[in-house]
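Pasting in a structure now, in structure tokens, and then I'll have a few things to ask.
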Amino acid sequence: MRILTLNGPNLNRLGKRDASHYGVLTLEGIERALREAYPEDDFRFLQSNHEGELIDAIQAAEKDRDGVLINPGGYAHTSVAMRDALAECRLPKVEVHLSHLANREGFRQTLVTAQACDGYVSGFREKSYLAGVYLLKLLAEEGSVRT
Amino acid sequence: MRILTLNGPNLNRLGKRDASHYGVLTLEGIERALREAYPEDDFRFLQSNHEGELIDAIQAAEKDRDGVLINPGGYAHTSVAMRDALAECRLPKVEVHLSHLANREGFRQTLVTAQACDGYVSGFREKSYLAGVYLLKLLAEEGSVRT
Amino acid sequence: MRILTLNGPNLNRLGKRDASHYGVLTLEGIERALREAYPEDDFRFLQSNHEGELIDAIQAAEKDRDGVLINPGGYAHTSVAMRDALAECRLPKVEVHLSHLANREGFRQTLVTAQACDGYVSGFREKSYLAGVYLLKLLAEEGSVRT
Amino acid sequence: MRILTLNGPNLNRLGKRDASHYGVLTLEGIERALREAYPEDDFRFLQSNHEGELIDAIQAAEKDRDGVLINPGGYAHTSVAMRDALAECRLPKVEVHLSHLANREGFRQTLVTAQACDGYVSGFREKSYLAGVYLLKLLAEEGSVRT
Amino acid sequence: MRILTLNGPNLNRLGKRDASHYGVLTLEGIERALREAYPEDDFRFLQSNHEGELIDAIQAAEKDRDGVLINPGGYAHTSVAMRDALAECRLPKVEVHLSHLANREGFRQTLVTAQACDGYVSGFREKSYLAGVYLLKLLAEEGSVRT
Amino acid sequence: MRILTLNGPNLNRLGKRDASHYGVLTLEGIERALREAYPEDDFRFLQSNHEGELIDAIQAAEKDRDGVLINPGGYAHTSVAMRDALAECRLPKVEVHLSHLANREGFRQTLVTAQACDGYVSGFREKSYLAGVYLLKLLAEEGSVRT
Amino acid sequence: MRILTLNGPNLNRLGKRDASHYGVLTLEGIERALREAYPEDDFRFLQSNHEGELIDAIQAAEKDRDGVLINPGGYAHTSVAMRDALAECRLPKVEVHLSHLANREGFRQTLVTAQACDGYVSGFREKSYLAGVYLLKLLAEEGSVRT
Amino acid sequence: MRILTLNGPNLNRLGKRDASHYGVLTLEGIERALREAYPEDDFRFLQSNHEGELIDAIQAAEKDRDGVLINPGGYAHTSVAMRDALAECRLPKVEVHLSHLANREGFRQTLVTAQACDGYVSGFREKSYLAGVYLLKLLAEEGSVRT
Amino acid sequence: MRILTLNGPNLNRLGKRDASHYGVLTLEGIERALREAYPEDDFRFLQSNHEGELIDAIQAAEKDRDGVLINPGGYAHTSVAMRDALAECRLPKVEVHLSHLANREGFRQTLVTAQACDGYVSGFREKSYLAGVYLLKLLAEEGSVRT
Amino acid sequence: MRILTLNGPNLNRLGKRDASHYGVLTLEGIERALREAYPEDDFRFLQSNHEGELIDAIQAAEKDRDGVLINPGGYAHTSVAMRDALAECRLPKVEVHLSHLANREGFRQTLVTAQACDGYVSGFREKSYLAGVYLLKLLAEEGSVRT
Amino acid sequence: MRILTLNGPNLNRLGKRDASHYGVLTLEGIERALREAYPEDDFRFLQSNHEGELIDAIQAAEKDRDGVLINPGGYAHTSVAMRDALAECRLPKVEVHLSHLANREGFRQTLVTAQACDGYVSGFREKSYLAGVYLLKLLAEEGSVRT
Amino acid sequence: MRILTLNGPNLNRLGKRDASHYGVLTLEGIERALREAYPEDDFRFLQSNHEGELIDAIQAAEKDRDGVLINPGGYAHTSVAMRDALAECRLPKVEVHLSHLANREGFRQTLVTAQACDGYVSGFREKSYLAGVYLLKLLAEEGSVRT
């Protein structure tokens, strides 16, 4: 399965500093864990701090990807534009969050982008990504795409 | 792994009627899918319409279970009492929802019980349960329990 | 017509104490009035203080009942679980309230269970029940069931 | 029984167009159904799009009417002035709605005029009117008037 | 001084029924009291249940009146249209209320029309009208008009 | 094209007084501008301060009009009844506002009647009317009517 | 009539600076105007910036005063303690405001102390005080005290 | 004095796990402390996780109890049904909470059941129970029952 | 035990007037009841209408008092400053209210000062004070002070 | 007239997918329609998914453009930064929306950028753009620029 | 420069107890730091727990001060009266806060008094005062006073 | 000291147009003023309209900067992503605003990015920047960094 893994702002800094929400994870570590757990799949990783770049990538995904795994970072709570891009993309889409959003600040309770994905997984650190791929594959098997 | 699978009110009726939110799933079908996907694990299934029975089961789980997979149904949004029971239970706990809560009625946006679980998965129908077990096993491997 | 008449918590105490909202009505008096007004119909009465028992009864109603007359008492304003049970039940369903909810406390203004009934009647004391049966019979004549 | 049946704005157009909320009902059909179901009663029908005319009619009702059956249409949700007129009228008063208000737009959830009636019936289409008369007659028998 | 005294919906019924908020006042009694207290002034009284008629009267007032004393009744809390009419009228304008609005229902706390008057007097029953004229005369002496 | 141009309360006073929101426009000036810009079209102008009269006119429009251009004035923000009338009218309908509503008082931000029109234009003074007719003609060409 | 005239914080500075809300009034000017308009009455004036002193004065008023005219200044919107003191005082009480509160900042819309007075007058500058005394005298004539 | 001591959901687990809110208290320890401090009184203890059982117990209390000491646990914040049961029970009723509710989560600030008790005590751990009995005895001496 | 008993604004007037909330209690009666019930303790009583005086007393309490019993009156709901003073005082502190706050006006539901006490007792009239001292003594025995 | 036509995120995908809100329109089709309807005008089209690029373009527009026609897409509801850029740009500015915003999701009701334009047009699909140019030309004729 | 440094309630206790928000600062230490950093300026320090005293001081400041540095403590969030006093004072005024208000309790987010100052500084402990004087001097140089 | 001075969207236009909020300041003028006031410090200035570029710059600052002075412009109120970047940066960080935010539009009252800085300064125009550097230097001296 060809999977686009999108990471939003500041996830490039993951594990470099504060371990309180995310432990000692790094984005590289997450990518390595995904490849190890799913060695036969084709992953493309993109991290960007720029909202427009993320939207460009979502728009381009249908061309050569079979599914989208997205952790929108801070844009998850504010970006109507990313939500609109996701809504139009006809691939299986799973939103994942490292931390347990329901137990964090109020402004992280609003999920704007998730509304345009098939579903979301929150709270299991790097395991959220692993479960995200697990779900993308189940969705792809089923041939079902959220419309 | 010995897993308690709790299903709240009305999930016994699943798939018997309205297919708009849940497809043609039945609770029996979900249980069968879990056993097929995870043939070596020990599942105990409990469905109840009674809030108190669900709380009793959560309190008893630590004695002979290694993890809790819970779909609290309608109680997910109102039961402070179930939340307090979950908060006290020292097992890995994953809350799952068949439907995509973020796209349903406003009163389903408040997640009371999920706050006391390790995390939650929403929107993938029966696949939410499968991912829930997948996550419980990852949590158990790690030996980590949310405190 | 075979009618299930469900009464929620505390309605067994009706008329035993405080007459300010409900007058000197008793639940027995209401049942007697229903039988007198509709002598040819088959009434089954159930009162319970337990949310789960009420849900069980709603789920079982389709087997041998033609309509549901429900006064959910305090659960009318909070029970998502009862609402989900009613939503799935394919019988004519009328919710009735003895008192005039629109003129009582704020927390009684939220009608959770009524949303899953065909409609509701509020404010006419025991006459709300009589009108409820009157409406159930009209709904049954029509053969229409809210879906 | 001499009954004033008041219909607010746009109810003259009932059944002429959109059948989604009200089916193929016409106001004439409702009036005919009332006369058929209650052939011995004296009905006076008034429909008006003018708030002031409806208030005038409510003020005049006590002179030669025994009860008021009112469907305030869109004014149900905004008219403090109609509410004050109803509050002062010492006849049995039943507010009826064709559609199930609790399942419609948010601005239809505020019931201003109903607060000054004995109670209200919502959701049963033309049967709401029939139940309204049924209730007016019960209220009149009892000789009770909401004060 | 030539004064237009406008009374909104239901004030024609004043004192005919419920004495709890307004005592045994009648609109005629208030008018008589105004004429007695201010025998040299020219009062024109208008009561209407029709929002449009009240707006017409406000628009016409400048032609032959020196001030407006208005009790908008229930329209005080909802009528943007009357507010706009008052805002455009270049006479001294005093809004009066018989009852003490700050101690009544929540929906009577929003003062829409008063925002377009010079000020308002609330809570003194018929004396609110007397003080209203007293203030109109002071405003007229001063030659000041709110703009 | 036969166009009904409806103007709500106080628009008859336009340009007579306060120029801060509307400049030196008069309703007559707007009507003249419309006729000049669209000399081949058949305009019928109606201004009324009475909510009921405006509803009557909307209900009658289908008989001999091809489109409705409406500036509901203050009723735009409060009239559920006018909204219901517009929703039922099967002509192209454009709501126009002289002033820039998004930059005025909070109570002018709620657009009740616009929800039942094809769309709305706000902020361009008399040019809002001109653009409204321009749009009505485009809508009519297309033969499309909002349903 | 023996009248206690209470003025809250900053009213001692009245007219010394900013004329936008209050014109060129001074507190001394208001007192002089009151004495001129009501030469036979006995006025006692008290201005204080201290909430406790104002409460002490309200508590002592019954001993030798016949009415209370109060402009609570900024405390009008926050002081539950002054409200409780006024509620207990059995004299006619009129609250007055120089400025038109309904047209000022949001935090000035909450009237805490006015709820415990007979009524209130707002928006007429020094004339609010004059009308306040006018009303106190009418209240005293009537012998009525708000309870 | 014959006292019913009701404990809601999860209080059977008290002191078994998390000591952050309640210290090392156990329910048995609290019961022992009550018997030691009040050796001459007749205590009946009931703990239940089932809302309906608690309501049943409240309804039955009048038969052979002189007072109700209730810690409703999580139901304190949601159960309209328990509130209605308490409101009807004519015994002295004191609600107690081990923890200081005003300093905990937002959803614990709503006190539904306490509104139907004589009063409440919060924040003193096991001492809240002791003070609750102390107050029940004072209420009983006085012979006063909240109505 | 040396106890500072603080009473906020208007409590000096207790029992002099309105008996609806507080019965025929006087502050002197409460003080007498405290001394009778706890004859061996050293009470210092202070009542003040001045917020600053109450803060001064709280700041001075640690010097020669062993506990603080405080009824902040109307300041309980608004005084951030008193809250800060209490938070800094290292003595056992119990806040008491004569009336049942949860059943009074909305503005009395916000408890600002109580958040900085060990806990609070509400609704038992003079018995709230007695229970307050009972709790202070239990707190002192335990040697525990809220930090 | 030299017109800058700005299109925000995802409008490049217009008409490629979901026709429910926008029909079968493409951005190219809209541009062609504009050129056809206004053959003598000079259009420059810019579409970008990047907020910063849109701001750059707004800042540069004054140099060689005579008006701005902007459809900000998802940024219309969140971008304070674009609003500030528009506010500073001294050209005629018209905001257009293809869909009828007042009938879509709640988060599309907040118009941040429109507040800094001359006005806005919503709901007429490609015709919104045509009317936007029509209005820009009228604004330019008038020589009026919103300040 | 002659500077009035006003400190509100509880700031006299600064540094005596809880170091979590303010470190080991004392008010004396802050005053000493100010004199050391600005040896040529004339500081007058006033701390008071009494709202009225602070208002008196603000009112008197113009006589012999050139600027006001104010830390209103708890009154910053509630005192409309202090705000009115500051608004009237024609000196440069800087409000300072030791702690980072945006990261504290919700009731500390409302800044009532700051609205009437030139600006505010928050979060830098004693350095907020130093920056406050730095800004007062810059404001004075400029000769600009906020009006 | 090596200081990164970040300026968000539209600050490049400062002083070019509207002088109502910011006077005749230009960004160049502010930079010159900073260099003049602090000639020995090393300033790097960056202005960008792109959210992602600002985040990139914050992430890179630790490498060769000793402090961050940031005016986020419109992003201050919406950017969770910039907030997360600032939270992770371990340098002293001061947010500055030219205008007095507390006196501007409601949407400028939410400070998202400031929560992740050491503190903020608002309202003093270019002097806010000067005070920002003054504070950065004090923070650096102290060696304290907000964590």
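A, B, C, D, E, F, G, H, I, J, K and L are the chain letters, set down in written order, and residue numbers restart from 1 in every chain.
As a convention for this text, a contact is a pair of C-beta atoms (placed from the backbone, for glycine too) under 8 Å apart; a residue touches a chain by one contact, two chains touch by 3 or more.
Being a predicted model, the structure only gives us computed values, none of them experimental.
Peer 1: Considering only chains that satisfy the touch condition with chain B, which of them also satisfy it with chain F?
Peer 2: none
Peer 1: Could you say what rotation angle superposes chain D on its sequence twin chain L, using C-alpha positions and rounding to the nearest 5°?
Peer 2: The C-alpha superposition of chain D onto chain L needs 180 degrees.
Peer 1: Roughly how many whole angstrom separate the Cα centroids of chain A and chain I?
Peer 2: Chain A and chain I have C-alpha centres separated by 54 Å.
Peer 1: With chain centres defined as C-alpha means, what is the inter-centre distance between chain E and chain G in Å?
Peer 2: Distance between chain centres, rounded to whole Å: 23 Å.
Peer 1: So how far apart, in whole Å, are chain F and chain G when each is placed at the average of its C-alpha atoms?
Peer 2: So the centre of chain F lies 47 Å away from the centre of chain G.
Peer 1: Could you list which residues of chain H touch at least two other chains?
Peer 2: 50-53, 78
Peer 1: Please list, in label order, each pair of chains that touches.
Peer 2: Taking the chains two at a time, the touching pairs are A-B, A-J, A-L, B-C, B-H, C-D, C-H, D-E, D-F, E-F, E-G, F-J, G-I, G-K, H-I, I-K, J-L, K-L.
Peer 1: Can you name the residues of chain I that touch chain K in the complex?
Peer 2: Going through chain I, the ones touching chain K are 50-53, 55-56, 59, 78-81, 83-85, 87-88, 90, 112.
Peer 1: What part of chain J is in contact with chain F in the complex they form?
Peer 2: Touching chain F: residues 100, 102-103, 111, 114-115, 117-124, 127-128, 130-131, 134-135, 138-139, 142, 146 of chain J.
Peer 1: Where on chain F does chain E make contact in their complex?
Peer 2: 8-10, 12-13, 16-18, 48-53, 73-75, 77-78, 107-108
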